[in-house]
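Read from first to last, the chains carry the letters A, B, C and D; within each, the first residue is number 1.
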């Protein structure tokens, strides 16, 4: 089928042709949907497990501990064991909960993450949907998840959950703005919202370097706001353990809890992947202008590896934030957004426009 | 203009303090050989408690199955929680005199607070604190121990 | 504070209801089985009613049927983080009643142990404070350093927390031969680690925002509510028993009673950090000069106090700890009352936290450094 | 003030009270009906200004229940022990001092809980540690066959 680790577009095209030869167009579409859906689910499950394991190990390293060491070699099977445990646990429903919404909430959160993942370019040709409004789409669907969190908090009929959900709502709605605006900065630079185009235009140099200081500021703001959007520390007000026990998912158990848990980690992956795609050149290898030999060595590393290396780097950074900083208070989190990130962002967009107008970036 | 200056300096100062914090945690994350975790059941062989560690009350016996306990009951009196019970018996000495001796030195580990008062009070040094700290058992009746071994007797020359 | 007021005004127009939330008895930040009945309006705390007694163990009643040496081991279990100060309080009370003069060595050893206990307690407080504010890593750094002190305790006293080291007339054992070496090694080590505490948490802009001007307690309120220890000194209440009613070797050492008049969470936090420096300073003065001599005076087998009432105050890690013994001349006390610092400190919480947000309530509670068995006894 | 000065001063101020120097502190025993006035006087007189109540305990004696207030002045750094006896041991009643020293509010609740002393005018006199069905455990005649094991 023409498997090429550097370019998947040929392979996917051939697969499509192969199906078309044997089936009707409708059947082909259905089969392709199924294949893509199953592979995404597998990816979410496996990468989610990996992230949970990684977080525990990284957090342990920050705290001078070893982390899970008992189940499997270096505790590698720990998260799988935990997942099995969560699967087998009883699903407890609070007596006075709103049953329909209570059951619906985890799925909404999960669906939002799946939707956002659809446009991520993993490697050349390995992208399910290549919209010309890719970035817009991601910012739009990633904020759907907050509905799930609000529903979860409200339907649990628990005061802690409700406070957590309300905090989460206020927080995500505000930080959505910063995420979008910092992405706008790069859209100005790239001239397109299509993710594949954005990646392609970083062939010679990443936008982080290309856009000079404005894109560096945009990157930092994107990281902060992205961390806030994923409800992770230091912005984990929604599930602030020391204040609200577990926040919006206090009343959830078993696999429904696992959904929230997994969604949080996959959201972190999405933020990291967006940061990678938009600022760090996506699956493009690291190139330095004139050092040909170095660039050749870098080209040799497959794009998938590049992509995941960068993603893991960003995720490590996000974890570093979480395991260093104390949590912000709810009014401070809004102060940070409206008094600091937003004005800086707006000024930054102006700066970026100047950079683009003077063709400083070329 | 002054306000703008202040604003910018607030931002930079804030970011600076955050980076200082990240430097500290970063220092530790990249030096994993400084980790402090001890892998407990695996390090049993090398794990040594301090010699004064108060793990449980034990009554040492010598190779002839002899101990130093006279059965005087001072430890029982000194115990604040009633975790020691002395059952004494009357024995005939070689001279034909009746003498009190220990029959059973019962020790309820489950009630013990390891306060060391019994050890301190013991006039003959018959009981000491042991180093064992793995006391978990499945059945709480196993926490009640008889400290003098069956068939043991008091060592020669120990007086009350 | 200004934001707080605005929200209250606007919600008056909307007619929102206040609601009650039970924080505890099982709650991650109450550090034990404390229950706070909090009346909230949105996120704003309006009133806090602490409910205590979930771990009430009747220690005062139990003491009435125990002899004086036996009473001491129960005091370990009240404020388990300042176990040695509690032990010492009872011992000093008994010694004063019997007019026993303990050897200088005992005074030195007791004082060093006091300060080590205070350090261990403040380290645990620091890491829990960080954890309550969401910085979980501080928890492990604090415990890591505390472990060294617990090792010193274990080597000399045989236990890590429930020391039961002081006995009437002296201490249970002489100090271990390694004691001085270990303590000095710890001081050198910890002097390097303390600046890290500041860099990681104290200076952090988020932490500053979370604690500055939060949980204000005025000097008058601190005195009226009997808030002592670093919490009281944070409001400018000069209440250090070590200074005002010195005992053991405290008259012999140079140290400062740190005061802060700001009365907010950060003042209480800063004072505890500074107390750690002071404790290191006190230990440094004593550790090389421990006089030779007996580690205990010979006491009678049965300790009997003369008829009368005896009171002893010591400075525990949380504040002023007092023992009030009423004796009728028998070997058991007629009545023992423990004045625990946490009890008075807790009930000033409403004064401090009303009007702030839930997150601040947690932070304020952390700066009070509550130990629940100390409150409930 | 030294204990002797304090004793002289207190004897002058409190005519109905019994003032003596105890083993450590000056002790002043007031009549139950004069307790509140005495407390106000102790805390407000500039020469005395006992503003810090550091210990409040109840002691069950065979005939009476005695409430003991340990007071300190943060200004003058002198200490006094204020005592009051209840008239009745079975149903003891004294006035509250929680309006003078706020911390007494909860200390009095503790005494009420453990010794059954009722404090007049107390704003919130409920049991503190135990639930309502308990007796008063710190009384000497308290019997609990289940929880107290006599040896």
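Some points to look at:
The criterion applied here is as follows: a residue touches a chain if its C-beta (ideal position, glycine included) is under 8 Å from a C-beta of that chain, and two chains touch if they have at least 3 such contacts.
Quantities reported herein were computed from a predicted structural model and do not represent experimental measurements.
Excluding subunit C, the assembly's touch network divides into A, B | D. Set side by side, C-D and A-B show the greater C-beta contact count at C-D. A centroid comparison over C-alpha atoms places A as the chain most distant from subunit C. Chain geometry summary: the mean Cα position of subunit C and that of subunit D are 25 Å apart.
Centroids built from CA atoms put subunit D at 64 Å from subunit A. Centre-to-centre separation of subunit A and subunit B, using mean CA positions: 51 Å. Here the spacing of subunit B and subunit D, counted between their Cα centres, is 41 Å. Residues of subunit A in contact with two or more other chains: 62-65, 323-325. Shown for subunit D are the residues that touch two or more other chains, of which there are none.
Of all residues in subunit C, those that touch two or more other chains are 137, 144, 200-201, 204, 206.
If touching chains are joined by edges, the resulting network of the protein chains shown has some other shape, matching none of path, cycle, star or complete graph. The chain pairs satisfying the stated touch condition come to A-B, A-C, B-C, C-D. Considering their complex, residues 13-14, 17-18, 20-21, 23-25, 36, 49-50, 52-54, 78, 80, 113-117, 120, 129 of subunit B touch subunit C.
Partner subunit A is touched in their complex by these residues of subunit B: 11, 18, 21-22, 24-26, 28-29, 32, 34-37, 39.
On the side of subunit A, the complex with subunit B involves touching residues 58, 61-66, 69, 320-321, 323-325, 340, 344. On the side of subunit C, the complex with subunit D involves touching residues 52-53, 56, 58, 60-61, 96-97, 221, 223-226, 228, 237-239, 244, 308-311, 313, 320, 322, 324, 326, 334-335, 337, 339, 343-344, 347-348, 376.
Contacts from subunit C toward subunit A in the complex involve residues 3, 19, 21, 27-29, 40, 43, 130-137, 139-141, 144, 200-201, 204, 206-207, 209-210, 357-360, 362.
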